[in-house]
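Take a look at the structures listed below.
Both complexes shown next keep subunit A, but they swap its partner, so subunit B is in the first and subunit C is in the second.
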Partner chain A sequence: MARRSIPTAIAFFFGAMMVINYFVPWGWFSERANTVQEWGLIVVSFAYILGALNVFRVHSHKIQRKETDWRFSIVTIVAMLVMLTFGLLPQKWGIGGMEHGSPFLWMFNNMYVPMMATMYSLLAFFIASAAFRAFKVRSLEATLLAATAVVVMLGAVPLGEMLLPGSAELRTWIMETLQNVGKRGIMIGVALGAISTSLKIILGIERPYGRD
Partner chain B sequence: MAVPNQQDNQTLMQKIETMDRRIIFLAIAITIILPLIFPLGLPINVSPQVKDFYSAIENIPDGSVVLFPNDYDPASKAELYPMTVAIINQLFGPGKNGEDRNLKVIGLGLFPAGPPLLEKAFKDVAQDKYGAKYGVDFVNLGYKEGREIVMASMGESIPKTFPTDFFGTSIDSLPIMKGIQNYGDIAIIVNVSAGYPGTKEWVQQVVSVFDISMVAGVTGVSAPEYYPYYSAGQLQGMLEGLKGAAEYETIIGHKGIATSGMDAQSLGHFVIVFFILAGNVLFLINKRHDTNAKGGQR
Partner chain C sequence: MQRAKLSLFVLGLLLVPVMGFSQIDSLLNRQPTESLEPVTNLNAVDRANDAGHMIDLSWSLPDNASIANIQEIRIYRSTSPSGPFVQIGSTIPTATKYTDQQDLKEKHNVTTGQDYYYKVSVYNGVSESMSAVSKVVTPEKSYFNWGRLNVFIILAIYFGLILYFIQASRRGKELFIRMLPGLEALEESVGRATEMGKPVLYMPGIDEANNIQTLYSMVILRHVTQLVAEYETPLIVTVGKAFVVPLAEETVRQGYMDAGRPDLYNQDIVRYYSDEQFAVAAAVSGVIVREKPATNIYLGSFYAESLILAETGFLTGAIQIAGTGNIHQLPFFVVACDYTLIGEEFYAASAYLSDDPKLIGPLKAADWMKILTIAFIGIGAILETIGIPLFSQLLTIK
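Then we have the complex of A and B:
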């Protein structure tokens, strides 16, 4: 009984507190709600420690069992430890800190940034390939989708405006009218769903925080 | 006797339709690399949302405090870093009449890998180009985990939410932070965002609660998400992807990496559109061929 009621009571108390504070930010009450927000900041910070430990655990097991591509796990752990060490070392030691020229910032700018940017840039190649193979006008809906995509893509760049005059204006109309209407509908629906789910959690009808 | 494989029975059109995708990759690579080496200098027209973005920053009173959250990481650097650089150019550059605007800029990031990028932009542009001083004219508060909670918490106290800056210095010791308590001391939020947590959450948690002006620069792929906020006036201006950044560079008169990248993006879009059209023409031809072949068999 207590295993069910205590988490539900905690969720109700803090959930209701935040909702009331949003609509009635009154002095004493607001201060308490702000303190709870500070607790929230502290609690979520621990997620990083758990995340790092989990990465370490998963990849250590992979190395121990020599699973597929276990050598990449060594790279992951070494990279994580090196970045973590240089990030945590104090600046006064000469090799720590976040100052310009520090090893951490050097590795960030010259290794991490190019690698992440490269991964994301590969999307351009896969989008082109997918557009050629999968974007087929098999139905009326697919035809409308393809025609809209062509106009929006051409209207988004100067060359498109030159090749297809009026595409920029047409794109603006599609984005600000057709797209906007659909998006608003989706957003309102999502917001109503979020309110409904939040109320269910606050009132204990749905309990993602505990097992029954 | 040689057995004919399926490839041999394909028509030329079918072979093209199922061609090696590395040919497509090569076409994209060429069309992106060539204009970067040999710029085309295509004209850039400034859209209304970019003009609004520029005006919103231009119209804040001299000496105001600007909150500058850069919520992105290196994955979106190609699109968003040019915006960060251009925004810093407008914030620290001279005003309409050539006067020093003396704006105070408070930067931060809600993506873990965002603040070092902001730091580089601050150093390269604000410090080295305009001679702005760290801690006096601008500050980088760094990253704080907590997403929406961080935004809401700053409404109560910015110094409590960010007790130290990106370098670990206590913000009480920085002259720029003297007298700054919460959003009541901020004239405008200039957000550069790659997703969650970002523009949408700033609007929901801060703009609508604390009644503060906001403009945003966002990735091209996420821009449709923010049009309703722009139409409703919750965002006073919007930069949409590299195109928005290039238009913004045009309006502030500092042509930079976004403008030079627009030629490559133009040709890239053109090639993708070409592949969509070509793929469909081949699809329709092959469909007709298949239908005819089946009719002949009957």
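Then we have the complex of A and C:
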């Protein structure tokens, strides 16, 4: 019984506190609510230790068992340890710290950032392949979708306005009127779903935490 | 700074033969000759609906000719109309408003119940012109933010509807939920993975645990874990935030226990990669390509990585089920996945899967709230069209 009721009571207390804080500007509440949020930040920073341990555990098991592509796991662990070491070393040693000119920042800017940019740029190709499938004309709805997409794409470039005069205005109307109507409809549903889910969690009806 | 000084020096040397020392001296030491007019209509009012630590100031600027000379506007405060007035801040020359507020980091106090008087001066770099003293203002704390009364009433109605439908459902009233193909396909997709002897991949988005979508995704993860435990299918849970790791581990462990198969749980099921968006995208794409899960389930808060993951999954031929409340990612999931839970459908998952009256009630309440919203939008549009801005005034959050 206590296994269920104590986490529910804690969730209710802190959840209700945040809701009340929105409506009650009285200092006592806002100060406590801010304190709770600061606790959250402290807990999150400790979670990085758990995250690092998880990476180390999962990949060391892979290496131990020599699973498929286990060599990639060595690269992951070595990369993690190298970054961690250079980041934690004191700056006065000359090779530590995270300031400008440090090995940590050099590796971050010259290895990590370009790799991230590469992943992001891949998105262009994925959009092209997804769009190719999405705009296949197979039914009336698909035809309407493809026709709308053609107008929107033409309206976005100067050449399109030359080929199809008025496409820029039509594009603006499609984006601001038709698209927004659909988007706001979904947004209202999402907001209502989020509110009811929050209430269910606060009241303990839905429990993403603890045991039954 | 050094270069600027050097440039000025060189310019001075070049000007000497042309203008002579006396003229350069008068140019550099030129005083503002125009008289400074003070600001007028200084008004100080206590900020309504706050904790009693904010005072709003407003004023009218002098005429345009005088504004051109102003370098900054300085704010002075005193607890007595006769002073002494101490400068508490400054603002840009064109500003006509300023908020005096408590800043504990700067050790600046606005004390509830204390009388304050203000003066505002315009400063031209040499001298300043002070306004008249404002009327006394006393900050007072509010116990309720009346500017949010409309939100409170709407939330109260919604909460009331939720509680009513939960009770109605408990009393045995039949509440209809339309079919959600994405959730219907969940068991079938896990079954397919079992037949193929391949794992099921579950990703609860890349947002923090304080995002309601991530939190709710844990509820669905528990159901999915129960399903895979019954079929003894391998499960991979990829996580994009360190803080979600303990949450996901506990959820998966509990799911296996619920299914009566705690022996199937192992610590390598939940895999954390990075907090960085595209590092996670690269890592999870790698898992999809190398381990080729038969089913990929993406339920939670996703951003630009959504299409990278979904397209990679499509290329490997996996059955893909996605759901998110981030509407900009929905088109990507719709195109690349077999089933997509659109917006609110995502939040209906646990009620749909469990058939629990306590969970179905809130769904019906959300439906009724949508009907009310549609009615409000319709009536509001008509009223605005005929020039009665009643709803827009009532629904504005102050």
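Throughout what follows, the second predicted complex is superposed on the first by the 192 of 212 C-alpha atoms of A that agree within 3 Å, B and C clash if a C-alpha of one lies under 4 Å from a C-alpha of the other, contacts with A are read in each partner's own complex, and residues count from 1 in each chain.
Keep this in mind: a contact is a pair of C-beta atoms (placed from the backbone, for glycine too) under 8 Å apart; a residue touches a chain by one contact, two chains touch by 3 or more.
Everything numeric in this text was worked out from a predicted model, so none of it was measured.
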Between subunit B (first) and subunit C (second), which, if any, makes contact with A:E176: first, second, both or neither?
first
Under the stated touch criterion, which partner chain does A:K200 make contact with: subunit B (first), subunit C (second), both, or neither?
second
I'd like to know which partner A:W26 touches here: subunit B for first, subunit C for second, both or neither.
second
Tell me which partner A:M116 touches in the superposition: subunit B (first), subunit C (second), both or neither.
both
Is A:T68 touching the first partner subunit B, the second partner subunit C, both, or neither of them?
second
Which superposed partner A:A124 touches (first subunit B, second subunit C, both, neither):
first
Could you tell me if A:L140 is touching subunit B, subunit C, both of them or neither one (first, second, both, neither)?
neither
Answer with first, second, both or neither: which of subunit B and subunit C does A:A47 touch in the superposed model?
both
Doubly contacted residues of subunit A, that is, touched by subunit B and again by subunit C
22, 30, 40, 44, 47-48, 112, 115-116, 119-120, 127, 129, 131, 133, 183, 187
Flag every residue of subunit A that touches subunit B in the complex, lowest number first.
22, 30, 34, 37-38, 40-41, 44-45, 47-48, 91, 97-100, 105, 108-109, 112-117, 119-121, 124-125, 127-129, 131-133, 135-137, 146, 149-150, 153-154, 156-163, 168, 172, 175-176, 179-180, 183-184, 187
Can you list the subunit A residues touching subunit C in their complex?
22-27, 30, 40, 43-44, 47-48, 50-52, 54-55, 57-58, 61-62, 68-69, 72, 112, 115-116, 119-120, 122-123, 126-127, 129-131, 133-134, 183, 186-190, 192-201, 205-209, 211-212
Of all residues in subunit B, those that touch subunit A in their complex
21, 24-25, 27-29, 32, 40, 42-45, 47, 73-78, 113, 116-117, 119-120, 123, 144-147, 149-150, 152-153, 156-157, 160-161, 166-168, 209, 220, 223-225, 227-228, 231, 241, 243, 262-263, 265-273, 275-280, 283-284
For subunit C, which residues are in contact with subunit A within the complex?
49-53, 141-145, 148, 151-152, 155, 158-159, 162, 166, 208, 210, 212-213, 215-216, 218-219, 222, 242-243, 245-247, 250-251, 254, 257-258, 267-268, 270-273, 275-279, 281-282, 286, 290-291, 304, 307-308, 310-311, 325, 327, 330-332, 335-336, 342-344, 346-348, 350, 358-359, 362-363, 365-366, 369-370, 373
